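Note that chain A is present in both complexes that follow, paired respectively with chain B and with chain C.
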Partner chain A sequence: MAVPSAFLPGRSILHRLDPRAKLILLVAVAACFFLPGPRWIAPAYTVFLALLVGLCLGFRELGMVLAAVVPVLAVICVLTPVFRRGGDTLVALFDVRLLTTDGLAEVLRLVSRFTGLTLAFYAVFRTLDMNEMVISLRWFGLPYRAALVLTIAFRFIPTLFGVYQSSREAHLLRMSQGRRRGFFGRTMPVLTSVVIHAVRQIPSLAMALEIRGFGRLSPRTSFRSLPSGRRLVAALALTGGLCALLIAPFVLAL
Partner chain B sequence: MTASPLSIHGLTFSYPALQGRSPHAVLDGISFRLPAACRGVILGAADQGKTTLARILAGLVPRFTGGMLQGSMTVAGRDPRETRPFDSVQTIGVVFQDADEQIFTTRCDTEVAFAMESLGIPLAAMQQRVAESLALVGLSDFTSRNPATLSGGEKKRLLIACLAAVDPDLWILDEVFQELDHTWRTALLELLVTKSKPALFFDSRWTPLYATGFSDLSVLSACRLAAVSRGGAAPDMELLCREGICLPDSAGSGRPLDGAWEPLLRVDGLSYQFPGKGSFSLNVGSLELRSGEVCALVGRNGSGKSTLGKALCGLLVPQAGTISLRAGREFRRASPAELNRSVGYMFQNPDYQIFLPTVFEELALGLRAAGIAQDVIRGRVEEAQRLFHLPPGDMPPALMSYGARKRLQAATYNLLGRRLLILDEIDSGLSYREFMSLISALVSSGSGLLLITHDAALARAIAHRVIVIDEGRIVRDSPAELFASSPGMPGESR
Partner chain C sequence: MSSGDRTQPSSLRVAAIGVITALVVVIGYVRVPLPATQGIFTLADIAIYFAAFALGPWTAAIAGGLGTGVIDLIGGTAQYAPTSLLVHGLQGLLAGLIASIGRGSRPPVVSWIFAGICGTIVMAGGYLAAETLLYGGFAKAVTEVVFNLAQSIVGALGGGLLAVAVRRAYPPIERLRW
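Coming up: the complex of A and B.
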């Protein structure tokens, strides 16, 4: 069974960036989209992130992620002007103001914020191996057991997605005759099969963990570790510099 | 005299009663002793309690499942009931039947290292052992690969690497041969012999490898253990054949009778490529499948067997070529929706399609969707229950054994009256007898069968025709009598 995975192997700048730096920068970028500042910042950052994703992961990947957010963006574009009617009228139908300057600005702000955040998270999760993420979270102080739960979750989410696909195919072939079923009629049997599969996995997973020593009271060692010493200092210095660059436009605008 | 690594006496076990049913007895007064530095094998059909026994010996059952366990046992010098499994990492190592149940990390090297991390082994030693263990099973180039993307055989090899890294005193291997090809089966045995490592194998099928290098062979059947050979003596093949664990000598012995087969489905110039540059592509020039005929599709892992099967039932839409279905005297190009309705595809895992609370509901579902009257449905369901040896209609499938769930899966497709059925490695985990019985029941309705399998011997024994696929192309299509397994063909059983 082919199982999808969030991580896309590669050797781009994003791939080579220290995982801790990536997580810190992700938080910083996310914060920037919510800070008060000039209107051009959010669209500019979004364009920059789009270019980064395109250059590091490929423009096909960029197209895929943008296509995925289009429905949400469409809803924002349709509904936001209805609730923001201040400023000059740009489009009107008879006496009804359909689009105003305030409405347009709000649409741009929300579209930029949503697209930018999506691209930022996408860039990090596509270039960060989940083991590295867990080690990084442990470096930030996350307890081992919580980190292990995260690893297992990241291992099983794609697996369950694969089970969902196989179950959907099995049910499609089985129920291809007779009347056409609605969304719930098609989805519920598949979800039930996936839930049964997931529940069956729980005791097996507990057994698998325990026979590999999970639960022992003696201290564990770690097979994988993150760079330390000079490389860590360099990574932190780079992170600090990039964070300063991110925040600089907001400071200058004050 | 060296102490036995495994000794059990009068072992009796039953699972707890569920939903007002009586407790499910699995083992009854079993006794067994494995000599030091020897390998033993316990054979048995599906649902005879092999996995339960393996997990009892590892201290996992009844700890995680509940149930009543009686009798005495010493495994690697301890009673597994008195120690937690996490304290037995260095004494007992287990490989599960289903590798997906046991793998839980997202990289091969961290999977191998996990138990060593638990033991507190220093990093340098871990790195050396991980590299050596992965090399031992031919996975040196897979260190950073996500285990979820490995094939079934590669996952089994990864789990063997996990054991090799820790090197426990006793290896318990549950159906480990099922997805390994002959080369890796031999390599595993050589490893155990070289290390003089005691090991207990559990399997639902006989393989000639068990005749050499194994000191003790037993059969688990009807809750009892019967010796097949002791001290490396020649095994009692009659007993194995009686239990359906061994294929009869003559090729074609399990094959349904030949008949006047009508051509049913034709493939011309089929081409399918997975997305991505350089990804796998399937190219089938021509192929014809007939009603009532049993065709085996064999090939190595990743050769395109499942891809071809999914294209034939319309789950994958080819980029080029045609798939035609017979309509009266002529063949007509079939759309994916028409293929969905005419060709069934049985997945290896029966649980992908089972979701209703009772056997009756599962069997009746497709018939109801087709608008068939209730009284007709009842009669056809009862007939299917008889034909596929299914439990009463009010039985919840979730409480049924693996073999029974496979029979239920086959029965649902049989009731739907598909003209062609594709069976994707559904022989896995079933004894030869169980599988042949399933094939007979399916063929009795006149459907054509395309059987996807790794087991070349099974293909010879059961199919009328064998199709060999390699790197997405059909390289051979011949009557089963003329088919001899090619060198390196996985799963040569006899």
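Coming up: the complex of A and C.
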């Protein structure tokens, strides 16, 4: 089992955009899919996001993310008209209204929203390193302890994956000559080993944190930092402009 | 340091929550294939219920919410991360609070069963509400309720067994409860 990671290295516009700007824009784009407005906006934003992902990450990546949501979209397309039967009939079979104008509008709305949100989150988290995300959240005001918890978690994920794989192989060797066991019979002993290994690390980690000064009152330093000064001002100005552009159609429609 | 001691150093709590969050992510990546439906379901709930039964409600709430949120962020379903953070956090908190009732030297089976039931209702109900309001509508949300219920029930059973096994193998784990 390979250690998963969302980050895909690259040099596209999305990769180079300041991580704080990306998070602000993500919230703005997500909010746009829930604001009341003209019906064309959500599909238009979805198409724009699809092009953005295709151009910045590659159309193969775009294909992968769309393929992953196709089953969900199929369920939405099939089941939503059953619950929305208002408006004019578009498709009927033996006097049973299968698809109406309201049903079709609702399907388009939900499909656009689900696909758009998926693409927006994908675009951000595929181009955002987890360490930069934690530092960005600190900049937004996340308390130091919460950021430390996330940093510890990201640090231990690969270690515990390694322990899981080693434990699994060891247990498979031990069980290879006994009676065959089901999935849970094989997995629970492995999980027990991994959990015990993880829990044993906690007191040593706590001691290491205290040796490094955790809990002291003096101001903390940080090994990594994000750009500041003109680059930050430019990124925030660009973000403000893009947010205004995103919200403009809704304001004009009022 | 006694079990559930309120004077536990904060470094121990930060370390415990960080490590258990990583554990939720790793166990969440162990997936059970479901050939009949070509779906999968994850064992993350086993880790959440283990944390609730063995380490207390607050570790379960924070590690459960953060861990499942991270699984969504790194697994390609980042749009569900805020929902997972909230729903699994509440699941861990409620299960941990109920499981703490009647805590003694033996596993309190009745309170653990009740904790599993309440956690399952919160988890399935939370995802049903979120899916209906935010993502794909009621029709899609209803199709996933059965999977969510099954995932949580398996999680509660597995989490209970894991808690008993780990407490037997590593008794000092009691000192990490809060």
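Basically, the second predicted complex is superposed on the first by the 184 of 254 C-alpha atoms of A that agree within 3 Å, B and C clash if a C-alpha of one lies under 4 Å from a C-alpha of the other, contacts with A are read in each partner's own complex, and residues count from 1 in each chain.
As a working rule, a contact is a pair of C-beta atoms (placed from the backbone, for glycine too) under 8 Å apart; a residue touches a chain by one contact, two chains touch by 3 or more.
Because the structure is a prediction, the values reported are computed rather than measured.
Trainee: Thinking of the overlay built on chain A, is A:R230 touched by chain B (first), by chain C (second), by both, or by neither?
Mentor: neither
Trainee: Once the structures are superposed on A, label A:V72 by its partner contacts, choosing first (chain B), second (chain C), both or neither.
Mentor: second
Trainee: Considering only the touch criterion stated at the top, classify A:P203 as touching first (chain B), second (chain C), both, or neither.
Mentor: Both partners, chain B and chain C.
Trainee: Just chain B (first), just chain C (second), both, or neither: which does A:L150 touch?
Mentor: second
Trainee: Based on the superposed arrangement, let me know which partner A:S222 touches: chain B (first), chain C (second), both, or neither?
Mentor: Touch status of A:S222: first partner only.
Trainee: Does the superposition put A:V82 against chain B (first), chain C (second), both, or neither?
Mentor: second
Trainee: Output check: A:H171 vs chain B and chain C. Expected answer is one of first, second, both, neither. What do you get?
Mentor: It touches chain B, and chain C stays clear.
Trainee: In the superposed arrangement, does A:R11 touch chain B (first), chain C (second), both or neither?
Mentor: neither
Trainee: Taking the superposition on A as described, I'd like to know which of chain B and chain C A:F121 touches: first, second, both or neither.
Mentor: Only chain C; A:F121 stays clear of chain B.
Trainee: Show me the chain A residues, by the header's touch rule, that chain B contacts in one structure and chain C contacts in the other.
Mentor: 5, 130, 151-152, 154-156, 159, 192, 196, 200-201, 203, 205-207, 209-210, 214-215
Trainee: Spell out the part of chain B that touches chain A in their complex, as residue ranges.
Mentor: 55, 58, 60, 64-65, 84-89, 92-94, 96, 98, 100-107, 109-110, 113-123, 126-127, 130, 144, 146, 148-149, 162, 310, 313, 315, 337, 340-341, 343-345, 347, 349, 351-355, 365-366, 368-371, 398, 412-413, 416
Trainee: Write out the stretch or stretches of chain A touching chain C in their complex.
Mentor: Of all residues in chain A, those touching chain C are 1, 4-6, 34, 65, 68, 72, 75-76, 79-80, 82-83, 106, 110, 113-114, 117-118, 120-122, 124-125, 130, 145, 148-157, 159-161, 164, 183-184, 187-188, 191-192, 194-196, 198-203, 205-207, 209-210, 214-215.
Trainee: In the complex of these two chains, what residues of chain A are touching chain B?
Mentor: Chain A reaches chain B through residues 2-3, 5, 7, 9, 129-131, 151-152, 154-156, 158-159, 162-163, 166-167, 169-179, 189-190, 192-193, 196-197, 200-201, 203-216, 218-225.
Trainee: In their complex, what parts of chain C are in touch with chain A?
Mentor: Spelled out, the residues of chain C in touch with chain A are 9-12, 14-23, 25-27, 29-30, 32, 43, 46-47, 50, 62, 66-67, 70, 73-79, 81, 134-140, 142-143, 158, 161-162, 165-166, 169-170, 173, 176.
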